[in-house]
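What follows is chain A paired twice: with chain B in the first complex and chain C in the second.
Now for the complex of A and B:
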């Protein structure tokens, strides 16, 4: 295995890129976008675990995102819990909500699960909107503090009101989750989830308890989305239910599909592209929504495997330039 | 391999109806360890339903089913695999997008020896397990003659190769009893010979094989016992010689072919 194709090499490159990004983008506008990118990467790889690997068409990701955001924020503002305790609680609560939804996933397949999970997202949104005594409803929650400063003995404390440090925190966490999921999918767990995705009856004939593994995939996926929600709340400083409307589920779905389902790097690329692209297109006004929509449609039409498939085709072409006309 | 010579699987009065159709009516059988047990009968005789009852895809409406003394009634199919029951499917159900090797690797689901934390931090035990699984998978693929095809997608294999891959994948679960549903369907003569050789080799290792099959030549050559079913019912059970001599069987089933 040459160094360029080794996994470790690319992980180090990714870590260096994350380290350099705030130095390249010094204005607060782009640093804000970088943090949004990191949060979207979290949401996308979380969804990919349950959708791309376990094959469960879950459209409830916006709900888990919102549950993580509201749970952690309310624990901080109403109960006075420290940030990191609230963070863990938010992640766990989102995970528990995922387990709750997976109870339906065990009975429902394909389109039916999609509808049920969408219903869950609608209900969660309505609760956030209408339980005014708890969530302030459409008025929103304001003045949410950033994560507390992180003190390393002998060094000045790291302030997360600073966008660059906040980016390092969210991107570093996303990187960690990526590593964790990457290890999981390259273990027999990956084989098991893929077997369920491909054919559940067949997987059962090999001893796979489909129900148990679906619950596991939903729990992991929704806990990751919950973590994204916690970071979102402390970064934006304001929570309104509209941030967790069902369209958010579809945005995350688009990132996973455009990037390439069933790979982990694909959703990362998809999340970055679909976060940055609308910003780059701001210059052309409302036309940007059309360009955005058309480009997503074109990718799905001509490159159903997403960016990862495109990259593989290019790599194959580079390796064997002589053999023309062997395209799949 | 345990269980050679003793009753491994016992069914008593199994019944299964779908709507008004009684697919399996009052079937009882004893399958001896280390033998090849064939189930034959005309189309719609209930053979596949019987296999689905034994593997746990369906639960019977009535009757008893034990496997090496353990009650199987109510037990879902994935639990039965733990006890040593494995199967292939009449309508091939491979993981078509995955490679041939990955299909077999998925079959080791119950046999990994990895401490839980090493699923996240791959250590020495993890690497040992992976190596062992790869070696075992390579051996299984060599056994069914698919080793050279290990890295192609399972969906790109020929029909006969796909059937053999299903056998290899089922063997990965380390079963004591292997149920194969119409393994020779769609196979050419050479492939049937290869299949026969594999089943004989499995039996020589002490494996118990239950086979639903239409290919009479194959059944007569390797089965130790044959159950003949007709309209969901037990018509006759005996050795190949008994079956060929039984007038009722010839009338109901073989007659059309012997003529």
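Now for the complex of A and C:
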């Protein structure tokens, strides 16, 4: 295996790119976009784990995202819990909500699951909107503090009140989650989930407990979305229920589909593209979501493997002449 | 107290019969194709706006507006089938068409947002302000019209499915596409026809919902989530179940608004949905496969 095709090489490249990005983009506008990108990457790989690998169309990601955001924020502002404790609690609570939804999911397939999860997202949104004594409803929660400084003995503390370090925090976390999910999908766990996606009955005949693994996939996926929510709250500083409306689920879905579901690198690319592209096309009103809609439809119709499939086609086209020997 | 209960009952039936019109289209498509059209709701919104503009241009001819919405809905249905469902039919992945229609839905909503803006349109028909009094309760002529037109449409649809050759062909295809094909029925034609009928119903539903709803480019979203709930509570592909569930959801909506809070409507409806899925995944009305359209 040459060095260019080795996975470790690309992971090192990715880490270096993450390290260099805030140095390249020094204005706060693009640094803000970088953080949004990192959060979207997190949400997209989380959804891809349950959709692309376990084959469960979960339209409830906006709910888990919101549960993570509100749970961690309320624990900090109402109970006075330290940020990282609230973070872990938010992630766990989103995971538990995912397990709750999967109780229905294990009995349902395909369309029924899509609608039940959509229903879950609608209920969660309405609860956030109407439980005014807890969430302040449509008025929202304001002035949420960024994560507290991170003190390593012997070094100056890392402040998260500036955008560059907040980017390192979210992108670093997204990178860690990527590594973790990458290990998972390459382990027998990934093969088991793929087997359930392809043919649950055959998988069951080989002794795979499909229900147990679906619950697991839901829990992982929703916990990752919950982590995204915790970062979102501390980054934006404001929480309103509208940030977690069902359209957010569709946006995350668009990232996974455009990038290429069933691969982990695809959703990462899709999340970056669909976050950056509308920013580049700014000034044409509400173009952002039209771009999402058109790209999802076209990708499903003409390139169902998304950007990853397109890249493979291009790579195959480039490599072919080399084999014939035209390349020196 | 009794008048309030009666009044909200009437309001619930008005809204419920509109939900039935929208949900019937979803159920018809699911019946023949086992697919969900997520953009169905946006055809409802398109129908509402078409009816709004036609009614205004023709200085208040609401029936012309309904007819135009019906026709535009039918065209959208044909387009959806030709552009999305027909090309994806043989891919063998049940989730791809669903995801593609989510894309279409996002596209349509935001295109309408750019064209028409986010400010709600006040869609008043000549019948919105005429009131019929029945005892202590009252009913606008518009709402009476909604109940009458929906009932006639549902009866006509039912008769079409039961007694005409095409209706029987449609049911045959929904039971077993391959065998129906062997009997000389062209399934592609029947599927196309189903999309046209379902979307025409959605467009017409929109024309009648327009004056009742807050008419914005996102009006369809609030309707579609309830229509999905209705279709599942009634049992996917089950026409009788859809009608009953649609009326139940309409009544839940009006009584929740009266006795709890409008914010609770979606919570109650979807709690019922999740409960149905947990207890009776085939829907409230028992699944009788030969009756499923």
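As a convention for this text, the second predicted complex is superposed on the first by the 307 of 328 C-alpha atoms of A that agree within 3 Å, B and C clash if a C-alpha of one lies under 4 Å from a C-alpha of the other, contacts with A are read in each partner's own complex, and residues count from 1 in each chain.
As a convention for this text, contacts are C-beta pairs under 8 Å (C-beta built on N, C-alpha and C of every residue); 3 or more make two chains touch, one makes a residue touch a chain.
Only a predicted model underlies this, so the values are computations on that prediction, with no experimental measurement involved.
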Report task. In the overlay, answer first, second, both or neither for which of chain B and chain C A:253 touches. Result -> second
Requested in this report: Pick one for A:108: touches chain B only (first), chain C only (second), both, or neither.
Outcome: second
Query raised in the report: Should A:203 be classified as contacting the first partner (chain B), the second (chain C), both, or neither?
Result: first
Query raised in the report: What is the contact status of A:191 with respect to chain B (first) and chain C (second): first, second, both, or neither?
Result: first
Requested in this report: Please indicate which partner A:116 is in contact with in the superposed arrangement: first for chain B, second for chain C, both, or neither.
Outcome: second
Requested in this report: Using the superposition on chain A described above, determine whether A:143 touches chain B (first), chain C (second), both, or neither.
Outcome: neither
Report task. Pick one for A:80: touches chain B only (first), chain C only (second), both, or neither. Result -> neither
Requested in this report: Have a look at where A:297 lands relative to chain B and chain C in the superposition and call it first, second, both or neither.
Outcome: second
Query raised in the report: Contact residues on chain C for chain A in the complex?
Result: 30, 34-36, 83-84, 87-88, 91, 93-100, 102-111, 113-114, 221, 225, 228-229, 232, 236, 261, 263-264, 266-267, 270-271, 273-274, 277-278, 281
Query raised in the report: Can you name the residues of chain A that touch chain C in the complex?
Result: 55, 57, 103-104, 107-108, 110-112, 114-116, 118-120, 122-123, 126-127, 129-130, 246-247, 250, 253-254, 257, 285-287, 289-290, 292-298, 300-301, 304
Query raised in the report: Where on chain B does chain A make contact in their complex?
Result: 55, 57, 76-79, 81-82, 86-87, 89, 93-98, 102, 105-110, 112, 114, 118-122, 126, 129, 133, 169-170, 172-173
Report summary line: Listed in rising order, the residues of chain A that touch chain B in the complex are 180, 183-184, 186-189, 191-192, 194-195, 198-199, 201-210
